[in-house]
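A, B, C and D label the chains in the order they appear, each numbered from 1.
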Amino acid sequence: MNKLLSRFPRENGFEITLAGFALLYLLLFAGLPLLYNIVLSFQQVDLMEPATLLRPFAGLANYRDVFSRPEAGQVLSNTLQFVGLSLLFQVVIGFLLAMLFLQDFPLATFMRGLFLAGWIMPGLVVGVIWKLLFAGDYGVLNHVLTQMGILHSKIFWLSDPQWSLYAVIIANVWLGVPFNMLLLSVGLAAIPADLYEAAELDGANAWQRFWGITLPMMKSTLGAVVSLGAIMTMQQFDLLAALTQGGPANSSQVAQYWSWQLSLQTFEVSAGSAVATLMMVLVLIVAVIYVRSTRNERMV
Amino acid sequence: MKRYVLMVIALIVTAVYLFPLYWMYITVFKSAAEMFQFPPTFWPQQAESHLRQVFEERNMARFLWNSLLIACGTTGVTLLVGTGAAYALAQVQNRWTSAAIFAVLVLQALPSSLMVTPIFTAFKGLGLLETPRFAVVIAQITKTLPFYIVLCRASFVQVPRELRDAALVDGASPMRAFFGVILPLAVNGILVSAILVFLQSFGEYVYARSLILDDQYQTATVGLSAFVGATKTDWIGIMTYSAIFVTPILIAFMLLQRKIVAGLTAGALK
Amino acid sequence: MDQATHRIQIENLSKAYGPVQVLKDINISVPEGRFVALIGPSGCGKSTLLRTIAGLEKITGGTLRIDGQIVNDMPPRKRDVAMVFQSYALYPHMNIEKNMSYSLRLKRSAPEAIRQSIAGVAETLGLGHLLERMPRQLSGGQRQRVAMGRAIVRNPKVFLFDEPLSNLDAALRVHMRAEIRKLHHRLHATSVYVTHDQIEAMTMADHVVVLRAGQVEQQGAPLALYEKPANKFVAGFIGSPAMNFIEGVVGPDAQCVLFGGAARQQVELGRALPPGQPVWIGLRPEHLRLQGEGQSVQGVVDSVESTGSMTFIALNVDGAPQPLLVAHPGTVTAAMGDVLKLYIAPQQIHVFDKTTELAL
Amino acid sequence: MNIRISALCATLTLALSSAASLAATLSVWAVDEPDNYTEKMAREFAKLHPDIQLQVRKVGFSSLNDEAMRAVMSGNGPDVIPIDNPNTAMFAAKNALLDLTPYLAKSKVIDVKQIYPGPLKNASWNGKVYAIPRGANTLALYYNEDMFKAAGLDPDKPPQSWDELYADAKKLTNAQKNVYGLAFSAVGDEEGVFQFLPFIQATGADWDKLNDPGAARAAAFWQKLLDEKLASPDTLSHRQSEAAATFINSNAAMDINGPWELMAVEKGAKFKWRVALLPPEKAGGTRASALGEQSHAVLRSAKNPQAAFAFLEYMYSQRNRNWNEFGMLPPSKDTVTKDPKWPQAYKTFNEQMQYARPRGPNPQWPKVSKAISTAVQSVLTHQADPKKAMDQAYKTVEATKH
């Protein structure tokens, strides 16, 4: 650590101390458990044995085990869909809302405030509310959609393997939209108005202004929003537990829930840890994207 | 005219979005039979409620108090530890800080449900389980801190570098410059991030469930989960509990939202 | 002059970010009360140099003295320097009075003393009625004044200016230029002033330092730089409009330069250079005359621009990479395609080595 | 009643406020249902023994296994834990539980020979007793008399075979009124397995004989019920309690459920109802039902095994209250239930109990359970053919034996 510190320019001593403290905390309380998980994924584990790091080494056997399971392919595809679709809709809807509420109209600020209310709800509560909304026989969602003529027969959102994953995604999008709107609003507000005026004088229409100014100026904000959103989506657990628990028949199973089921329900800790380690690789990629997006963010 | 068209659109969108919340409140006042009706009723026909009963039977006062304590503790420590770090990672930009940001993100890669077993074991060894609420605070910070750093960092980036330079030249030490000049300018971002952290930890479930071994320290989320059991699923009770749980935060949020939203949008310094 | 009378003394200063050298072997001395301008194109390192003096950037080689004391490792707050930033860097959360008194408050000066110095400076700068305002309520010019005031209040050893006028409109800039100059006369404060505008440098400074790519190209009094540029870069950078250059070769008689390819032309230099040496000749637009006698350069009119008081004519001359610009007082009638003769005195011709670009 | 509650409150405050004396601390986990059995018992026990400092923690039923596992692993467990009965083997095999055999030998309260063999089997591993069943429960068929009559069925003749169950369900189903013929739970965890096992056992198959064609027949029967919408498609995500709720609210005419729902049914149902035995596959064929209920065990790490066992004895001694107060069948032959409530249901459940079969024992029961529920769900959602799905599950179950 000392050697590392000495490589920093000395004039930033104060800042290094500040950052160092937080990093140390995270390394200790998050880094070690993480490492523990990785170690477990290469070992043969019997959970009942006292906590020790010295267990029989298993090489890649746990990973082979995980991939050889019949549900592995489905879990992979579900996870990608869950993260990808959640992000896509969260960002797009969040962006549209942020732009809507940036316009000047009565009650705009107030309504935006109301919107954020969705985000302060605990995931568990959101889960139970959506479970009620999604109920096939008496759920209000089916009723509304039928009344609007969108549906002709009830959808059993949580029990139909064709829908269960999308039901979970819908609830997750609902949960994530306010956060996206929040961050994107801040980014949008930071774009100088004269840029739009200049573009308007140059004859750009609204659509061209969006592609020519808004999007490029929002690049770093979008980078942050997407990568944070991806990480939050990969952490989503309460919602899954409340809604489908990965079912029916693994149709809505995603990596984080599978890993938990393996580790703590059927006590196949080695396999569970292997799935968790694979997830970390995914997060690693997202983190790289985020860090890249933070470069050149200062325009001053 | 255009303003009113926009307002109507916004009203519709907001109403659609808030519908689940409405449904929660409406269910509180329905009877079980009415809840199972199809087509469902959009307004309770014979309003009844069990607010008081649920609140008392479920020992919610105690649970909410514990949730509040834990959320305050988590927010406090996160602010204390995270603000400086967020500033440092915004101020100094080189490959080391890039690496640090990277580490911060990766360190919270796994959901709490997977981290809890090693944390439980370690906390047991450290004797932290003797002070269960404190243990939950310590564990939750591993989740809230990265989130807070990333959010807060963005507001520090917005503070022009030259202000710090000016303060340093004016005779401030780096610490004085931070507290006297930079911190006040980032205060909106800090406030908003802090509120988000507070709400996040108020709704935390996994760590509280596993690290608190004595019910008198248990939190409201865990109390809610007790409703969903093998032999009993009381939807009305669940919704009543949820409503009691989230209403105080919703009210607090309503009161603060003007400030939050204003702070957010006016955050960009020119 | 001994060191003590030098407020700032920079010796062999260098600065690198990793492998990238941004400042190389800089040597500058600033005597007390002197107004020094650092000038150069953007990216030349002038702002970095200023920031090293302030202590905002660490130097990686050489020494930096303020009042004879080596300050290489001294943090900014101990150097007793004041700085005016390009963006003014007014603290947005403090009113004008608080902005101006910040440094004094940090020094824990007596409140009464602070009040008095603020009042005095505000009076001088005409800010008296703005003290309660917040920075965002001020116009650009007013903010600029506050930034100056904030520096003056401290009565520092050295004033540092980082392009303080570049955000103002043209008229205000001319006005503030004069005002800063007046202030300097009154306060006799040692000042280092960074600008990319050579007119600012020439009109305000006692001593001008021209930087390019992290190195000092030339330094000296403004007129000395104008009259005797050490190399083609300085010659081209100082003076407005910029000096014209023509590529040529010293003639066999060593007294003249031949240029212009097929339409062979020549100018007398009034001094001897080695025959056959490839050179650049430099002609200042304001030295070229349309009427006169003696030697001349001939060219075809490319464009004519008149401001009323001045007429600028661009002529195409073989051997000149850019059209030759002539600045002529009053109005001139000339049309595109006309062939004109430009008269010039031999002593006003600058000659630079083709390869080293050093003045000959 | 009031006195009892206030006494309870007093004990509660006492327990929470006074400083802990380790020697007499009894730490108990309790699942919050039905009717708070374990916690109630613990409070009563503590009242009888003022020297004992009681600490109760409620644990969600679904997280019981992993919480207990974590507690064992870290050595930071309570003294007494509830265990869902098929999982006793797992904890015992991992050496987490105190062998109660020597204590039972000396006990004047618990006579092992009196405990019904099914619950006892579920509480034992390798011939040793590791847990005391707090009671027993099993599944039977609740049905709505009024609906039976309205559909022209005789309430005195509940279905006696799968075909009759199917036919009755079909008659009772009324899509216009949102009424399904039958409610049950095929949710993707232990609850769904608990409901499914009686069906395969009625065919001669069992959890360790899933390759028997009967298992596929049972799955296909469930599939048919769902395909024809005689049971809600949400059966796949309904817990047993949600299934009961649809029955209580007249959205289902029949419901396969356990005695723990009796109180809720009595309170909520606005119609006449009865309980019948689960029908065998063919009329007069093998009857089977599930055997459920929690047991209580003492962890090996318990600081106070004497007090812990005394608590188990106390709970066992209160078994006469099982039915009337907690909707549980008694664990032993010598239990006397005075004036049983719901006499018709009492009789039926007791009869059904004779056909109840223990799950396992298998020390990897959660894995077995997961394999079965995945197989059932993939059949019900037409993702796999019944035979193939059951064979796949069979292989997984076989693998746990080695």
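The rule we apply is simple: a contact is a pair of C-beta atoms (placed from the backbone, for glycine too) under 8 Å apart; a residue touches a chain by one contact, two chains touch by 3 or more.
Predicted model, so just to flag it, every value in this text is computed and none were measured.
Visitor: For chain A and chain D, which third chains touch each of them?
Guide: Where chain A and chain D share a partner, that partner set is B.
Visitor: Farthest from chain C by Cα centre, which chain is it? Let me know.
Guide: That would be chain D.
Visitor: Once you count every C-beta pair in contact for both, which comes out on top, B-D or A-B?
Guide: Between the chain pairs B-D and A-B, A-B carries more contacts.
Visitor: How big is the gap, in whole Å, between where the Cα atoms of chain C centre and where those of chain D centre?
Guide: From the centre of chain C to the centre of chain D is 89 Å.
Visitor: Find the geometric centre of each of chain A and chain C from their Cα atoms only, then give the gap between the two centres in Å, rounded to an integer.
Guide: 54
Visitor: Take the average of all CA coordinates in chain B, do the same for chain D, and state the distance between these two points in whole angstrom.
Guide: Centres of chain B and chain D (C-alpha means) sit 37 Å apart.
Visitor: Hey, how far is the Cα centre of chain A from the one of chain B, in Å?
Guide: 16
Visitor: By residue number and range, which residues of chain B touch two or more other chains?
Guide: 35-38, 117, 121, 160, 162, 173, 225, 228, 235
Visitor: Show the residues in chain A shared as contacts by 2 or more other chains, in ascending order.
Guide: 51, 137-138, 264, 300
Visitor: For chain C, write out the residues touching at least two other chains, lowest number first.
Guide: Counting only residues that touch two or more other chains, chain C contributes 75, 87.
Visitor: Help me check something: in the complex, which residues belonging to chain B touch chain A?
Guide: Listed in rising order, the residues of chain B that touch chain A are 2-4, 6-7, 9-11, 13-14, 17-18, 20-21, 23-24, 27, 35-40, 42, 81-82, 84-85, 87-89, 91-93, 96-98, 100-115, 117-119, 121-122, 138-139, 141-142, 145-147, 149-151, 153-154, 157-158, 160-162, 173-175, 178, 192, 196, 199, 202-206, 221, 224-225, 228, 235, 238-239, 242, 245-246, 249-250, 253-254, 257-258, 260-262, 264-268.
Visitor: Considering only the defined contacts, which chain A positions touch chain B in the complex?
Guide: On the chain A side, the touching residues are 7-8, 12-19, 21-23, 25-27, 29-34, 36-37, 51, 97, 100-126, 128-130, 132-133, 137-140, 143, 147, 174, 177, 179, 182-183, 185-186, 189-190, 224, 227-228, 231, 234-238, 242, 256, 259-260, 263-264, 272, 276, 279-280, 283-284, 286-288, 290-291, 294-295, 297-298, 300.
Visitor: Flag every residue of chain C that touches chain B in the complex, lowest number first.
Guide: Within the complex, chain C touches chain B at residues 51, 54-56, 75-77, 81-83, 85-87, 89, 91-93, 102-103, 106-107, 136, 150, 154, 160.
Visitor: Could you list, by residue number, the parts of chain A that touch chain D in their complex?
Guide: Within the complex, chain A contacts chain D at residues 46-51, 70-71, 135-138, 156, 158-161, 244-251, 261, 264-268.
Visitor: Any idea which chain D residues touch chain A in the complex?
Guide: By the definition above, chain D touches chain A via 65-66, 69, 72-75, 90, 94-96, 178, 180, 186-189, 232-237, 246, 251, 364, 366-367, 370, 374, 377-378, 380-381, 383-384, 392.
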